[in-house]
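Okay, so chain A shows up in both of these, paired with chain B first and chain C after.
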Partner chain A sequence: MKRLLITECFKLFRQSKTYYAIASILIIEGIILISAYFEGTNIINLLLDNLRKTFYFNGTLLNGNLLQYLVLNTLWFHLPLIIMIVVSGMLTAEYKDKTVQTVLLQPVRKWQWILSKYIVAIGFTVVMVGLLFLTSYWLCRGFFGEGDLVVYLDGLSFFPAAEAATRIQWSFLAGTISMVFFAVSSLTLAVILKDVTKTWIVSALFLIVCNVLLKIDLGTDWLNQYALFKLNDTWQYFFQYEIPFRIILLNWIVSVFYIIIIAAVGIFIFHKRDIG
Partner chain B sequence: MIEVIGVNKNYLVDKTHPIKALENINLKIEKGEFVSIVGPSGAGKSTLFKILLGLVTPDSGEITIEATSVKRIGGIIEKPALYEYLSAIENLRIFAGMQGLPTTRIALEEHLIRVGLPIHRKDPVANFSMGMKQRLGIAIALLNNPSCLILDEPFTGLDPMGVVSLRSLIKKLTAEFQLAVFLSSHLLEDLNQLCNRLYVLHKGRLIRQGNTQAIMNACTHQYLLTANNLSQSTSLHHWQHQLKGDTAEISIQPGQVSDLLAALTNEKIEITSCIPQPDLLLLFEGESV
Partner chain C sequence: MSKIFICCWLLLFSPDIFSQGVDEDLIKMRQRLDSVLSFQVNLQLETDISFINMPVKRALMRWEKGKTVQFTTKDFILLPKRGLDFSLRTLFEYPFVTLVRGVATQNGQIIKEMNVIPADRRADFSIATIWLNTSLRRVEAAEISTQKDGTYFLQMHYRLAKDIFPDRVAVKFEIEKIKIPLNFMGKGTQVDKEKLKVDGMKSGKIFLNMSDYLIRMIGS
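Let's turn to the complex of A and B:
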């Protein structure tokens, strides 16, 4: 298994598309920072003009914490989409080039090989979120400094600078679980669909549908709390005034359960299916 | 060494119309034997190979493979599938590494030398010719010393020099490693040179099997004869023929070819080649054995 993991990592980081994905994430981050630099102050002043008359804000509101929060919001669509493209490509490219045949002609267990892909996909996702966190942390604070964070979630919330930084860190951690969910789902879609383009389209559709259904009331509390697509905003809970740690922990446990189930389905299908 | 008994495989196009890819296949390949299978496109050759290599599960039947190596059979299906963005040595490193074989530079270079590939090329295999890719594919197939090699259309896409070169390599490797080889090819002349036994597959059924030369002879009633002064021959008129310059297409039974050649030699006709022209329709679609 260790050998398979090493070869999967080697292949992933020898492909140019991996670096295109990393570059894309950094470019999106850069665009957010540049637009904030040129337009952000005006927008914030416009939005908070009245509040400034009543409250005192420590430092400028267009600060590193707010910018990192904006970067954090790429977890909704940009980051999972890029991760899904790279991760699903780890398998669809093998189908397209038929290297899956060459691999399985070696004395390698089918289930172990596909499991190694899931593990590397999870590792890659963690690295990508980690990279986004670290680069945004340094760039945002480096260029915009520290300050209190203002967030609009069912109303405006303000967090002191130090507390905001901690909440953002926890959010990235929670977001990592959501990203892993999407990465694992895209790999399972790749197992089912095999084709590169079909997998990209269905993965993008899956992401959009998950985001849409997240906002829809499913009628019962149980479904609203634990349905597959209702757990992907857990990272936002860290910006509620009182952090609901119990709900967050439960959401994490259920998310991990879903991730395991989705990966197990993919491994089972791959193991049972002929490599024609 | 490999024994296939009563193997069947159907593909479902839809729920009501299964397509019989293979029907009651029985075959045997002994250790060190060189066996080939021919048939028109879609006859089921690749499906049979995939079943033998464990990529596809048969619907019924039994396959017995006697081998001591962890990797019982090595093979290439259709064309060598390689990581095109990696170099030859990196491809070998991947495939050797995943099965726990040594991945030192020296060990990997040995595999390249074994199949006659240069050891200093660092560019991606996407730049390689088809012949070089076939060689690398064979090097990967031979990792972990399998006792049987399956090659599906190994000469496809190769120029004549490439065919000759690959044929020599296959011969050399089989002799060196005492390999059994099971291959398919549309180049019947090559099969005749390489293989002891031949199977003919048609619409998923084996319709002929036996000695390659005997099957080829049974399906050959025409020869293409080339000679410098062929038009001066009188003995040629004993057989039905069509003369075009120095070349004649002669309808003749294989057993009579030696008589024809002797007669032409007596007439001082300078024969330069005599090539059998198998009747492909008879070979590929003949009556069931």
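Let's turn to the complex of A and C:
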């Protein structure tokens, strides 16, 4: 199993598309950061417009914490898209190049081989989110400094700089679980569809549907809380003034459950299917 | 005939009816405040506004006669426009008249309720009501109706009888709640602010706690 994991890592980081993906994420991050800097002023003006009558403001809110929050807000669509392309490509490329048959002619168990792909996919996702966190942390604070964070979530909340940084770190952790969910889903789709283009299209569709359904009221609290696609905004809970840790923990447990189920389905289908 | 003469005499010479000047107790209070050359104080702000969550903020406030108030703080803070004017200088900036509404005794102190009415169009308030402690020559409470910024109610609390400035001020005001469908980088940022103000007026409070006053007065 260890060798399979090393081989999968080697293959992943050997292929040029992995580096294209990393470069894409960094370019998108840079563009978002520049846009966030200009839009950030408008957003602050909009948020604080009605307070100007009553208050004077002392200090600045257009700082690294706000920009990193805005980057977070925007990247949760772009990042999974790129992760899904790379991760699904880990299997569809093998089908396309027929290397899957070559590998499985060796004394390798099918379930172990596909499991190693799931584990490497999860590892790659964690590395990507970690890279995003570090680069956005460095860029936002390096250029715009630290300061209080203002967030509008059913009211205006102001967080001191240190607390804001901690909340952002936690929200990245929550975002990582969502990204892993999408990565695992795309690999399972690759198992089912095999074809590169079909998998990309269905993965993109899956992502869009999840994003659309995230905003739709499903009628019951239970569904609104625990439906597959409703868990992807758990990271936002860290910006509620009183963090609902119990809800977050439950969401994480349910998310991990979904991830395990989706991966298990993929492994089961792959294991049962003939390689041909 | 003599009654008519007395009535005319009273009407002509009663200062409270025809010559609305400035109340003497208010003048005494102003004289006391005018003796302050500068002060600095540690400020602690607590907000009580239904749609704003803000932790307790701290700042150092400095004031010098003839200069604007300066604040030093590491954090972002919201400073109420009216609550920090302990001496109510903005009320007395332009000519005004006062009208005494009543006198009451509270804890052995004489509290005079009076209206302050601006006599100059440049004043940014339309009317103010002041509750003046005539015994201690200081303001206990004030309600100010401004031209543009709504109505404010200030409640002062003093630690000692001799204190010229309060150690606690509660500022009550009205504020418009804004509702924003925040969708950053989307079309949500291009919104009509007027349409967004659907939640109407909400009342809010700010509590200011002052400590460690350093006051420099004439002759000190």
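Just so it is clear, the second predicted complex is superposed on the first by the 252 of 276 C-alpha atoms of A that agree within 3 Å, B and C clash if a C-alpha of one lies under 4 Å from a C-alpha of the other, contacts with A are read in each partner's own complex, and residues count from 1 in each chain.
Rule of thumb we're sticking to: a contact is a pair of C-beta atoms (placed from the backbone, for glycine too) under 8 Å apart; a residue touches a chain by one contact, two chains touch by 3 or more.
Fair warning: this is a prediction, and the values are worked out from it, not measured in the lab.
**Q** Could you say whether A:70 touches chain B, chain C, both of them, or neither, answering first, second, both or neither?
**A** After superposition on chain A, A:70 lies in contact with chain C alone.
**Q** Could you say whether A:41 touches chain B, chain C, both of them, or neither, answering first, second, both or neither?
**A** Neither: A:41 stays clear of chain B and chain C.
**Q** So in the superposed three-chain picture, is A:106 touching just chain B, just chain C, both, or none of them (first/second/both/neither)?
**A** Touch partner of A:106: chain B, not chain C.
**Q** Using the touch definition from the top, say if A:16 reaches chain B (first), chain C (second), both or neither.
**A** Touch status of A:16: first partner only.
**Q** In the overlay, work out which of chain B or chain C sits against more residues of chain A.
**A** C
**Q** Across the two complexes, what residues of chain A are contacted by chain B and by chain C?
**A** Chain A residues touching both partners: none found.
**Q** Which residues of chain A touch chain C in the complex?
**A** So the residues of chain A touching chain C come out as 32, 35-36, 39, 42-43, 46-47, 49-51, 53-61, 70, 73-74, 147-148, 150, 152, 155-161, 241.
**Q** Taking the touch rule as given, give the residues of chain A at its contact with chain B in the complex, in rising order.
**A** 3-4, 6-7, 10-11, 14-16, 97-108, 113, 274-276
**Q** Hey, which residues of chain C end up touching chain A in the complex?
**A** Per the touch definition, chain C meets chain A at residues 50-55, 59, 71, 73, 75-81, 148-150, 173, 175-178, 180, 182, 184-185, 189, 191, 193, 197, 204.
**Q** For chain B, which residues count as touching chain A in their complex?
**A** Against chain A, the touching part of chain B is residues 50, 53-57, 70-71, 73-86, 90, 93-95, 97-100, 137, 140-141, 143-144.
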